[in-house]
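Each chain gets a letter, A, B, C and D, in the order it is written, and its residues are counted from 1.
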Amino acid sequence: MTTVIRELGDEQRELVLNMGPHHPSTHGVLRFVLHTDGEVMRKAVPEIGYLHRGLEKIAESTTYPGYVPYTDRVNYLEAMFANEAFSKAIESLSDIEVPERAQYLRAIAGELNRIASHNITIGCITMDLGAITPFVHLLRERETINDLIEALCGQRVTHHYVRIGGVAYDADDNWLKQVEKFLNHFEAIIEELDNLIVYNEILVKRMADVAVITADDAVGFGLVGPNLRASGVDWDLRRDMPYGIYPKLDFDVPIGAGEKGTVGDCFDRFVVRVRELKQSCRIIRQCINNIPDGDIIGNVSRKIKPPKGEVYSCVEGARGELGVYVVSDGTEKPYRVKWRSGSFSAMSIIEHISEGLMIADLVAVIATLDVIAPETDR
Amino acid sequence: MNALADFIINSLGLSGLSAELVMLLLVVAVAAAVFGIGMTISGLLTLAERRVAGRIQSRIGPNRVGPFGLLQWLVDGLKLIMKEDVVPHDADPHMFRMAPYLVVVGVFAAFASLPFGQLLIASDLNVGILYLLAITSLVTVGVLMSGWASNNKWSMIGGIRAAAQIVSYEIPTALSVASIILISGTLSMQGIINEQGGWPWQWYIFYNPFTFAVFFLYFTAALAEGNRIPFDLPEAESELVSGYNTEYSGMRFAGFFLAEFANIYLMSAIATTLFFGGWQIPGVTPEQQAGSLVLQITGMVVFMSKSAVGCFVVIWIRWTLPRLRIDQLMSLCYKYLIPLSFVCLGGNAIYLLIFPKPSSANTLVHMITTLFGGVLIVIFVTRVMYHHRISGVSLDLNFLARGEKGKYNPETQVRAYGSFRKKYEKKQGAK
Amino acid sequence: MTSEALIDYVKGLLGDKTKWADPEAGDNFLTVASEDWKNICQTLATDKKCSLTYLRNFTGTDYPEDDEIELTAHTFSYSEKHGLIIKTRISREAAVCDTLSKIWPAAIWYEREIFDLLGVSFNNHPDLRRILMPEDWVGHPLRKDYKQQETYRGIPTTRPA
Amino acid sequence: MDAMVEQGPEGSFVLGKVDDLLNLARKNSLWYMLFGTACCAIELMQTGGPRSDADRFGMVFRATPRQSDTLILAGTITYKMASRIRLLYEQMAEPKYVIAMGSCANTGGLFQESYAVVNGGDLFLPVDVYIPGCPPRSESLIEGLMLIQQKIEKEPWLKKAWTNTKNPKDPQIEGLL
């Protein structure tokens, strides 16, 4: 037992704990080295790279269309967005026009994917705080979304649906009706979620005023998406730098308001995600009502050779700005691809905010920041 | 028990054997029986937990071994016995091995003074409830020992949390038990039950408003002592991997596992004894019950069903609520539960000063409290039903694949490769 | 500001230190010398009209034929809704550059990643060590001439037939 | 005892029956470790979820390796992770089984060309069952677990426990841990 407590000085004693890469609450293979004084943390140092698969190097040896399946694996919870970001980059580099129907389909599939991803996130937050049942209920809803997406493109997790210039498969009217049926069902689930867990006394107590991230910190560390909005920065790429079909759609952007504590605490990050579910449903409904007929893929040749140049393209994924930086040297293969993901920057802020938290709070912080291993490591 | 030994010697014609030997054999037999009953109850509870959790989470739960999966717990136990018994290299081997025994002994020894029926009690100690409080404290020692001896930091944190938590929550538990002792005037478990009656207004929970509050204090504190959600910090899965039993495998882990569930039963059984009239059957006096075998068995069934309801509530809470943080847990105990228990204790004492003997005024208080409790239960049930109704969520997992009337309809079934199918059909049509 | 207005403003602000590429496709960017790298970033981040407070992306690209590594910083301003791409080039052998972690805290991890994958070290970085690869890994994978080890801790890196 | 296990006619009959019972127990209580490395972890979660409820077969997840029987390699394994997985495997109590779930854990799959990815879990672990797919559906995972059940059914458990043979498929790698 002599190894447990390390003598530092006269009064400084700290316990060094290794959390992960196999730990039930680290959502994949993340690792934290915790310096604690009993239950209270001095510092939590994240260690990543346990899922570094070299996606950026692989890009240099594949063709542009051949790289799209790899983009599914950038974040397996929201494969559509990575597909879309990469396709969008190549489209803007080589001036490919995307048909309107394809853009609508991208929005529908993307928002479905966002709901699926938020389901896992919200479930994981509650599960890490001890309530397992909401997670299982949300898994049940996710199964239905998986069914819908599978009917659309034949894959449950790694979709490979959005292609350069459009989408892979068309949706028939029956499918759209099924989606609408699902939405009717899911909107009731969101209300049930509010009744069941969101305002649960213990859950609020566990998350309110915990690990407050100020707006300045959030911008400085490059937090994006729901994490940024929870800190009170009103920014959504879908609304402020519109792409695809989003300018034609009407939706609200929920931001953190310090409903139960301070702006930017864990509860805000949690509740922003819950509110986004409803907006996603709204977007899908509008898309289903307005979707035009037409082609689903633009005029794309089999060999894509973008001109020399570079582009940074980003979409608003479930974890915020999911960007890709592509350098083309005029050949069939990209010269350099770099992914910019929300989880990477969210992970980097943990060391900064961890001081003085308790071990149980860290679990809440990891869960509400929605850090996921493939995005941090790529 | 001596009388029983004599009875056996006389009736079976074993006069050759010494009374001491028969006594010893009898003690061993009773101990084995109590242990067996405890094991069976906790094993069945593990299964019940999994099945109830399944229902709550719209799953099914284990149903493959035996009818309705009833033998699942046996199978699990058998497997755990066969697993390798790992003792980590850096662990303290003796303490590591001893810890589960302490926990098991602490919990199962308590079964000795549980009154399952009017005559079905292994030993009706005259200090019964004190014995229960004392013997279950062995669990703390065992848990702390296991956490320390594992030489794993997560285990150690779990062990320390357990020690802090269980020791703190002993106080409100003991104080709420003291309120009941004050009223009953006896420490014997059977004595406490005999003081109550079969009808709800004769139970101690509805004795007066203070005992009604005491029940909730006792229940909360007992939940914390049993390490159940929302107080399951010592083995908080998402924080401490598996807490104090992280390094345990095989049989030793089975010991911890069974002890945890035996503890749930124990707390429900104690609650049944103290607050819900134990084995008392409505309308039947203890004297009548003593004379009839049928009534005896009915009494046992009554006790078991009351404690089963208690176990169900514990499991229900486990799968509903999130868990507290350690500082919130401690402040709940020291800032709220302990002062409130003192208030209730004082309130009960004053109440007894005012109504020292059973009187019609006394009965009126019982009735009013019962009415109040009944109204609370009705409100709770209506609320649950209301939320169940307004949620309007179909629990059908595959509702997309079904037609409008809820019947299976292959036409609307979602299929993989929907557009491939369309193309295929077009091709077929062209041919 | 629109991107044209921003380019004009930055030209005025930095004077002769600016060098703008005008590519046939994709984004326009500003290249600065590696000595001015930190100061220019500092100016652009703190200037009231630019206020590029958000480091969107920071990465490096290897160009072996030029014997140079290019560092690219995508910056953005939430208040002004405009973005700027700033680049610098450093030599491949002595790959050293000034850190931006004082300006944008997000750069701490981006620079660790560049150090890990491209082998560029940063002066005055608070915590410069490998981030994605194991500590005992040999080489910097994103360099174009990277060759993989044959075994890593006894595990073969190719699948035996 | 050994002789009885080896050839004694009555002995092997008795042991055979006992074996059947014990194997029935082991088969129906196959606890898997809650451990996912990549994309397949999502399908692993779904397997425990409502639609394909693995708990029906007595399969529950445990967070700690000491109490689990099956290690499911759910997803891509990197070199950085490999030593940790080997450590987890060593920490599990015998008898233990390994399932390679998905193409990455089988052969490296999509990432075979990558510099950071191990080309198959069997390079450093004795894999019992391989499940194809990228990622496999939860039904496939259930099937994989059932294959492990079939394997357990055929195992002469008592004999194996006494002879204490090493798993021939286990690639012992020095210096990995």
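Operating definition for what follows: a residue touches a chain if its C-beta (ideal position, glycine included) is under 8 Å from a C-beta of that chain, and two chains touch if they have at least 3 such contacts.
Computed from a prediction, not measured in an experiment: that's the story for all the values here.
Engineer: By CA centroids, point me to the most central chain in this structure.
Structural biologist: So the chain nearest the centre of the shown protein is A.
Engineer: Mind checking the centre-to-centre distance between chain A and chain C? Centres are C-alpha means, answer in whole Å.
Structural biologist: Between these chains, centre-to-centre, one finds 24 Å.
Engineer: Just how far, in Å, is the C-alpha centre of chain B from the one of chain A?
Structural biologist: Comparing mean C-alpha positions, chain B is 41 Å from chain A.
Engineer: Can you work out the whole-Å distance between the CA centroids of chain B and chain C?
Structural biologist: About 60 Å separates the centre of chain B from that of chain C.
Engineer: Compute the distance, rounded to whole Å, between the mean C-alpha positions of chain A and chain D.
Structural biologist: 31
Engineer: Any chance you could list the residues of chain C touching two or more other chains?
Structural biologist: Within chain C, the residues that touch at least two other chains are 132-134, 141, 146.
Engineer: Listing for chain D: what residues touch at least two other chains?
Structural biologist: Correct list: 49-51, 63, 80, 115-116.
Engineer: Listing for chain B: what residues touch at least two other chains?
Structural biologist: Where chain B meets two or more other chains at a single residue, that happens at 57-59, 237, 241, 397-398.
Engineer: Name the touching chain pairs, please: which are they?
Structural biologist: Every pair of chains in contact is listed here: A-B, A-C, A-D, B-D, C-D.
Engineer: With touch defined as at the start, can you tell me which chain B residues reach chain D in the complex?
Structural biologist: Chain B residues touching chain D: 50, 54, 57-65, 69, 72, 74-76, 78-80, 82-86, 237, 241-242, 246-250, 253, 397-398.
Engineer: So in the complex, which bits of chain D are touching chain C?
Structural biologist: Per the stated touch rule, the residues are 79-80, 82-83, 107-108, 112, 115-116, 118-120, 123-124, 173-176.
Engineer: Using the touch definition from the top, list the residues of chain D that touch chain A in their complex.
Structural biologist: 34-39, 41-43, 45-46, 49-51, 63, 65, 75-76, 78, 80-81, 84, 88, 110-111, 113-117, 134-135, 137
Engineer: List the residues on chain C that touch chain A in their complex, please.
Structural biologist: Against chain A, chain C makes touches at 23-27, 29, 53-57, 59, 61-62, 72, 74, 78, 81, 85, 104-106, 108-109, 117, 130-134, 141-142, 144, 146.
Engineer: Considering the complex alone, what residue numbers of chain D touch chain B?
Structural biologist: Contacts found on chain D: 21-22, 24-26, 28-29, 49-51, 53, 55-58, 60, 62-64, 66-67, 69, 91, 93-95, 157, 161.
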